[in-house]
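The two complexes that follow have chain A in common; it is paired with chain B in the first and with chain C in the second.
Right, the complex of A and B next:
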């Protein structure tokens, strides 16, 4: 009996969330459209949902949008993949070996504190204005948060957990695999999440500053034409990117961290 | 400081400690602090011995020295050699299970540390999970277990490596009173079944008397042994035994020993 009641409660809570979520979303659209149509402000300033919709239909139908999306996606994916591939191992090394920490800590702290946008002109000088330059910007944007959270995770591994391996005579390598890695995993995930957000910012800023393709370019191009509907469209597509990636990560988290009670509530 | 493993046949001591000393230097004042002062202790094979004393008497430190987690500054410890595996295994104070492992993986972990393959370690863990009364919980995660059940898993992990001596560091300290009593009785049942030598650290007099063949009483500042009392109560013991006058006499005797040490405990530290 109790189980059944709990199940229905959980189900209705999900429905409730969806219901009000949709209401909030639709509500904003309706207010946006009506205030614009009523002429409370100039339509060219914020555009309207219906105009954005029409722009989306045209640009997706005639194929002019697709190359921008694939370009941005591929710059994003490449830069982010490299950031993970370098950042996670480096973070693990820094966290595990004191001397590697000393070696890199100051450097990383300095570079991390530098706003990435400030580096873009330099990157253009070195890597040009093409695909590679964007990958470098994305990489730099995501890299530091991945490294920093990973080594923070390693260095906060509970001493009482490390004692268990030592107590039973396990090797340092075994402790790394069975204790350090799993207890660092949540940190790596949150570093990944922060890194994803920054990488997205990296793509947009790099493409807005200099590019001939990509969503950021699309936004800045139509900005100069005062085509706010298309500017909004570009922004919305970036927003959808962010949400989809974030949700994907959340699913990953649940899948791999069955042992964390806070994820099951 | 050395930890030796006795090799000569016919050795009947599971553990024998001579002059074990632990000194710290206070970083601020530079004063020497004696956590343990020349501790001698012999534990025969199969015995259940408790180290009893107030906090700060070094009883847990001694246990960690035996286990190899801490290096003593002086002294010698001999452990009975076993054919394979570890000589000693620790049951930790807070259950210290890995939250990312299920019960069976936690119990198997000591074997994995000894180089046993994960698959074999799992299958060897199963009988110990049953022995401690966790049958049916092998695939649960620590957060799904009560405090008492976590301590059972903690105990099973130490039992599974099949060591000559079991080191138990106040394993029931964080449990509520009823669960603790139940776990004491359970421990005696398991001890009888597993035929282990046990060195049990506690600050609870009744717990020490109920479980042990011998209670070694310690005092603080410096941490040292002040008495070694044989508990001649019949076995098997049940919880009702705690109501008998003999039991109360042992409790009173030990309480008197500890109470004598109290003034020094409340005196200001030099």
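Right, the complex of A and C next:
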């Protein structure tokens, strides 16, 4: 009896979350559309959901949107893949040796604190305004957060577990494989999540500042034409992309949350 | 393991340790600081030597000494201080507004569960959205003046702070609330003694995220609008191929970033010191 009640209660809780979520989502859209149609503000400032929808239909149908999306996606994917491929092993390496960790600590913290978008002019100077430049921007945006969280993870491995491994005659390699790596994994995941967010900012910034293709370029181009509907469309696509990768990583993180120490970053 | 081979009793004499020289002892105690300073110094030395020897391209990456020279001549110019003032104004107004609005609003939204569920999708959307994508839109609304950059800064800070704040209020421990209510604590008392202290660490960790976003916001805003500010100085220096001046500008943001991160970190430690140390953290 009690079990049944709890189950229905839990179900209503889930539905409640969905219910109010949908209300909030739709409510804002309705208010947005009606206030704009009533002429409470100029439509060029915020566009309207219906206008954005029409813009989306035409741009996706005539294929003018696809190249922008694929350009942005491939810049993002290439830069981020390189950042992971270099950042994770480097972070593991630095974290595994105490003195190396100390040596790089200050330097990497400083580079991590630099707003990497400030380096965009330098990257344009070195790599031009093409594809490679954006890959470098994405790489730099994600790289430092991946390295820093990875080596933080390694250096916060519970010392007791390492001691135990050593007491039982385990080699350094065994300790690395069975103790350090699993306890660092959650950190690597959060580093990846933070890095993904920053990489997305990197790709947008680089494209808004100087590009001839890509979603960021699309936004800034139609911004200068005062075509707010298309500006909004670009923003929404970026937002959806951000939500999808953020949520994906969060699901992965939750899977490992059981032994994950708090890391608010 | 056979017992026979090892002697049954063995006296273990404590090893007499020679006292280490004072310098060595000092190094041992401060190894962490010494090495990380050494790392930074080494970085600059390699950079300097590299640009002098030619394996670092001076044209692109300049050299620490050239940056120092450029910086020294820069700080004597009135224009530079105007840039600093403008950037500081944008940062302070934008960040201030985001804290002043996000914290009370976040507490309000978080306090009413259904309200927080209603706002959830939009808050999450704006938090996941790279806010720099909003820059062209903000320009449409506010033009190119300093207040547009302040708005970009505000957007960076606002969502970073409001989300953890809502989360913090929402996760105030249920049973503590129940106990307070059972003892007929006024909502004012519940608020000041439960909600505020429980939410503070969340607000601070929101601030930590906000630091990076706020700085990125001001830089992007200034790159895009190019009126005045340190970001404009960086951009113009790049356009005229003065990499030393450009890197001096970047360095200002680096220092600012380190200072802000460190202060937020100090605040974080301060507000978390009452927490019991968990076993796996010890």
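Note that in this section the second predicted complex is superposed on the first by the 234 of 265 C-alpha atoms of A that agree within 3 Å, B and C clash if a C-alpha of one lies under 4 Å from a C-alpha of the other, contacts with A are read in each partner's own complex, and residues count from 1 in each chain.
Rule of thumb we're sticking to: a contact is a pair of C-beta atoms (placed from the backbone, for glycine too) under 8 Å apart; a residue touches a chain by one contact, two chains touch by 3 or more.
Everything numeric in this text was worked out from a predicted model, so none of it was measured.
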- [ ] Compare chain B and chain C by how many residues of chain A each one touches, and report the one with more.
- [x] C
- [ ] Classify the contacts of A:40 with the two partner chains as first (chain B alone), second (chain C alone), both, or neither.
- [x] neither
Open item on the list: One more residue to check, A:251. First (chain B), second (chain C), both or neither?
Closed with: neither
- [ ] Go through the superposed model and pick first if A:182 touches only chain B, second if only chain C, both, or neither.
- [x] first
Open item on the list: If we overlay the two complexes on their shared chain A, which of chain B and chain C does A:61 touch? Say first, second, both or neither.
Closed with: neither
Open item on the list: According to the stated criteria, A:201 is in contact with first (chain B), second (chain C), both, or neither; which is it?
Closed with: second
TODO: Applying the touch criterion given at the start, work out whether A:17 contacts chain B, chain C, both or neither, answering first, second, both or neither.
DONE: second
Open item on the list: Residues of chain A that sit at the chain B interface in one complex and at the chain C interface in the other, please.
Closed with: 259, 261
TODO: Using the touch rule from the top, collect the residues of chain A that touch chain C in their complex.
DONE: 16-17, 19-21, 23-25, 27-28, 44-45, 99, 102-107, 109-111, 113-122, 124-126, 156, 158, 197-198, 200-201, 203-205, 208-209, 216, 219-220, 222-224, 226, 228, 231-232, 234-235, 238-239, 242-243, 246, 259, 261, 264-265
Task: chain B-touching residues of chain A, taken from the complex the two chains share - done: 160-161, 163-170, 174, 178-179, 182-183, 185, 257-261
Open item on the list: Considering only the defined contacts, which chain C positions touch chain A in the complex?
Closed with: 31-32, 34-40, 42-43, 60-61, 114, 117-122, 124-126, 128-137, 139-141, 164, 201-202, 205, 208-209, 212, 215-216, 219-220, 223-224, 231, 234-235, 237-239, 241, 243, 246-247, 249-250, 253-254, 257-258, 260-261, 268, 278, 280-281
TODO: Within their complex, state which residues of chain B touch chain A.
DONE: 67-69, 86, 89-90, 92, 94, 96, 98-101, 109-110, 112-114, 141-143, 161
